[in-house]
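Two complexes come next, and they have one chain in common, chain A, joined by chain B in the first and chain C in the second.
== the complex of A and B ==
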């Protein structure tokens, strides 16, 4: 009988609702491998962007994860066969106190970092301390996520205890976040910013080289703590910055896949040219593009202007057209459409900006602009210069706003400059993005919190009502009550119109049929450790 | 000749100094801040204190004139500093890509010269015949078709006819010559075609002009074989303007193949240039501009010296 290595730890949301006291699961019991697995070989895959640095804890781009994930481990991780259930990674078992104020993890014994030193609870503590209280010179993109942790204790080398300051019903999922890779305490003590430029993890592959502008390579970690893994001898992640080069490489067999996602047109080309040699997997995506108004700038400090501009957008019509040419597809609110907490379409259409009667909506938009004294509004739309899907989204918006007499200059720039401009608040209106690794509302809603609490809120809005609604929902353990709070939060966000999802993405991943074991999920940030990937050649 | 060469080499110093001043101060005028992009570009919570600390660490808080002075002194010691983005030495960053770019440029030059000289000569000697028309057609095609598009056609042709593509990661020629040439011959062909067209047209027009010169008529009147007239008297002179074009094109290829590099997924200087400009990586941009400026200056010197070889009337020591 096949025993799945990924023996499931069931989804925490349901378990928490039942007053879960914890799971106790021994990974080694489930270490049986899939039958007929072929070992060996070096997997070449495409990464369509180069990691700016090697530190996932200080990053928000998949490029860093696709680069670094195979070298590292996390405490828990998502079970992609039963997404969004979580399972152990470095932890061999864990317990959650009934009041959700204490999380205790038992670590797998005899885990070694690639430099040969043993992993202990001190490494976990140092890693999480660095994320929640980054020392000077260290960037942590996870600081807000772990603000609810009060203290971290290490009663023995294989036990780590997280004591919370406040309940966070999503905490377990955060411990499974792919960004929270465990570093060596010794390395961090030597140089807290070291992970940006040096890799020393406990993952299935050992770092071999990063040839800047070309590729990252890893080799099998023979001392990996999950016996029998990884299957591959090594991997090479090749940077293919141009989509055509990536498609050629997939078609020509130089790479066996690209794990972020391609457009429908690119999918069609591969299917047409490769026939049954290519495997296409599709899923909705925990990623959306947002229309974001800088409320610090006039006239976007006026809610009437913001609402008018949002009401002029025909999302329903746009989704039909844009889904044919880009990775944009679904109309949705602040939570991914189709996921458990998402707002149903019948409710969504009642919210500002989501009406299906676009003619009426645009008439109302024109009235609002007139009332606000901005009938002949002109502004610059700041956008990222990535062809897919930012460019079509920008062109679409310019056209939508033209239809209510608004003139927009579409300005696209490189990712670094684009983000720096928005983060510094130098934009008027921007196409922003929300890149999540799971559907949990604690992540999805965080972007809309006041700027002081959420640096990724590029509308720079301050709204105490939203902050309170968020905090209340975070402490709420009843899923139904939580859902109601999310609806109230969403209504407030859309009525104020600080920022609003344009469309949600649709993920299309091409892999050669010889590539086995890689699992599709709604997030391109997950499943990149590659330990159970193999090649059927 | 030796004295001339030494003078020219000494003249490089003020030229490169001028380039250094221009690139350093122009870069500081361009809006954008590498520290903001580096630390805030990822969406993390970064305090102003951290930003200032990083700025200080990179020396960006110092007065511009001090920064410039330090850079010049370091350059005089052949220390180009570290990339502000990757923290690795600029020389290391550039060297990794220069090998590839230089090889593509050399291979493209060889392809271009080997094809352009016979094509241009034949077109001139058989002016108005089908040979001339064919060469003109081929060269106009080379001038009209962008190299990157030709590169895409090459790749798609390889894919559709042979279901094969060259390797997409670089292997140095001294490690595996076959893998190296298998990868780089295609981009060299793509850019070599345009390069060949430019040179062939230059040779054709130059040769047509030279063939009407008095000394050609004199050589013919003396009974010199036509082949010798062409190869020894005409072509040698006709090559002079072509040499200038070859030199300038060669230098352009070092850093100017951004899109072609993307098509073939080459990790060359062009890509590095774009990347460093988008990140405002001052030290790396400065290093690359200085490298390309030095290439131009050296190639120009080489062209001038070659003039003397091809044209006996030119004597630099006179």
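== the complex of A and C ==
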């Protein structure tokens, strides 16, 4: 019996639907397509950071996804016209057992990898096995997400059955994650780390070249399993690390859009100079910047030091100022503000680091530093050299910490070096990011799990209490009880101060009006396969 | 023939004659009024750089969201930037960054270039040929291009808040330019009899180069050093503008022209106007001072 997603998740309906109440754009208008699609042409678009590697399963930066998503397919994906509903990608149908313990997917027949080999259920199994149990030398940032999968069975070449060892009420959405691109089992058997440097997918475009420092290019996959797609002959993702270069390229028509997001000032400039040639779409964003302390390094192993530094930050004042000049906007906890499970402001202000009485908060912070014996603390703040919004965030934090007598050296580096530094634990304090593709707490909370379970936890903390709270909340199907558990988790995270959201982002995407079919969403990780994008020229 | 009696008193006219010559500095000011004016600008810049904490009206790093993009006023003489930071204070502190990086990189590049140039002239032959071909290779790249390559090749490294990689990146392109000029001057010194005498006395190469040749090429060295401070300031500003120099929130003139300034320059033109004027003025002053110094020190330019 085929069970719809709504039926399967009846117990958690409503709150778990990841509500769209916080989103403030009109999907219907954004997704309106011309009746007569024009085929052909090569789409040039801007990517503001260069991918550190090609493997989405081991990455949490959009730089990898905007680079690699057009080359790959996933089992399911989000339907951006009805977000957060999911739809089939490689799957032709799926069933979910009423107890949420078994997920069965039927695969589209005759799907070919770009090297000509056929896709089978073995490829799906190998891909998911690699994500949940990464072999030596492979990093999987999805390990915690799929820890509840007990086994994966492949009764025939076109059927995959996921047997859960525990209920995870959000599992279906995780199967639609854009990061879970399907690799060839043959390729993984040859070299499990191969996807970091080699691309062989089943997506609408075939990899042509990656010219470092310049661009990534793809050409149309004539054997793509969705007949009639893609519309484009190819694409070129051009790396525009400097915001000014990206804006000039958009303005001059060298690129038709930048799909991550720009600042309010950049938006105003484009609108002013391009008039009705530019389309601007806005949304709240499932993305935040985090202040992340490396607890393996002194004095950040001391909770008093971490809490003092967090209490010195005037998030509420910063939100007002930074939202005028950057993509940073909302004050929030571990769940995106405005979404169903988000902590209300009245509760948030009681948590360490969120007080509105910043003077009192800073006095307390100074006391804590004195108690810890670090009144004249000096450290290096590691940051990414992306102008928006990392640089404003860095400038803001340096200023905030100077106000309690802390001296900070601000170091910015390219995406690759920045991630490598944090992943190796060589940072003191860093501005990290939590790049989510949906609001579900199973995703948002995973970053705070112990380092052994969540490699993307760059604070390197180990906290069994948090791990237990997370696991318990995954099993809970009553939304109210689940909300209470999320609050307890959040309280623990902020009291320990391993890492804490600085501010949540606001997404503004500029595209030329000749670019059609691309869909706006609250996550810049979604909708980047580009198969239904076309150019009205 | 009469021999003057030293015991006799000097004639009154001679005795009353002023015994002191006008100082070199006064002489320089008289002969090179533009040079003197440029020196004043440099002095003001150095004063601002050294005593910035006393001179600047505000802390250059303090954010004030209540004063975002405020126009020039009695409170903020040069207005504020996109973070509400006082631009005047950032210009004053920026002078320190410009001077430290400009002077240090010019000094390092010019000094190493001078040593290389003197050594090349002194040893001659194959050593001279090899050094000059190396210099030719470096000279083939424009200063800013070579600086870009070097800064991109090295990872960011700073000591006491000073970007060492930036200094190295700017010093390397200066080196061959100074080496070529100093070598030309050193070639004429090399054939002087006192160098032959020093060799005959058995002095070491190092001693001859540093104690006998180097002092005699100080004039071109000083002129190049001064002229390249301007180039180095410009290179630092350019690299910072391109995002390869000093990082925010450090106050630096080139950095003040990039980042948010590019977004807000229509709305707040003072964000680019004042740093632009500061860079132009500093480069103009150092160039003019270098030219005036050359005219003053080089006997060929004396009438």
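We take it that the second predicted complex is superposed on the first by the 487 of 537 C-alpha atoms of A that agree within 3 Å, B and C clash if a C-alpha of one lies under 4 Å from a C-alpha of the other, contacts with A are read in each partner's own complex, and residues count from 1 in each chain.
By our rule, a contact is a pair of C-beta atoms (placed from the backbone, for glycine too) under 8 Å apart; a residue touches a chain by one contact, two chains touch by 3 or more.
No experiment lies behind these values; they were computed from the predicted model shown.
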Combined model on chain A where chain B meets chain C, clash or fit: clash
Which of chain B and chain C A:61 touches, first, second, both or neither: first
Chain B versus chain C as contact partner of A:189, first or second or both or neither: neither
Contacts of A:242 with chain B and chain C, given as first, second, both or neither: both
Contacts of A:223 with chain B and chain C, given as first, second, both or neither: neither
A:416 touches, of chain B and chain C: first, second, both or neither? first
Greater chain A contact set [chain C / chain B]: B
Chain B clash site on chain C (candidates 145-153, 163-171 or 199-207): 145-153
Residues of chain A at both interfaces, chain B in one complex, chain C in the other: 241-242, 244, 417
Residue numbers on chain A that touch chain C, as the complex places them: 241-244, 263, 265-266, 269, 272, 317-318, 320-322, 324-325, 385, 387, 391-392, 394-396, 398-399, 402, 409-413, 417
Of all residues in chain C, those that touch chain A in their complex: 61-63, 65, 68, 82-84, 155-156, 158, 161, 242-243, 247-250, 258-260, 262-264, 266
Complex contacts: residues of chain A adjacent to chain B: 52, 58-61, 134, 136-141, 143-144, 197, 211-215, 236, 238-242, 244-245, 248-249, 251-255, 273, 414-417, 419-420, 423-424, 455-456
Residues of chain B touching chain A in the complex: 32-33, 36-46, 49-50, 53-54, 57, 85-88, 93, 96-97, 152, 155-156, 158-160, 163-165, 167-170, 262-265, 267, 271-272, 275, 278-279
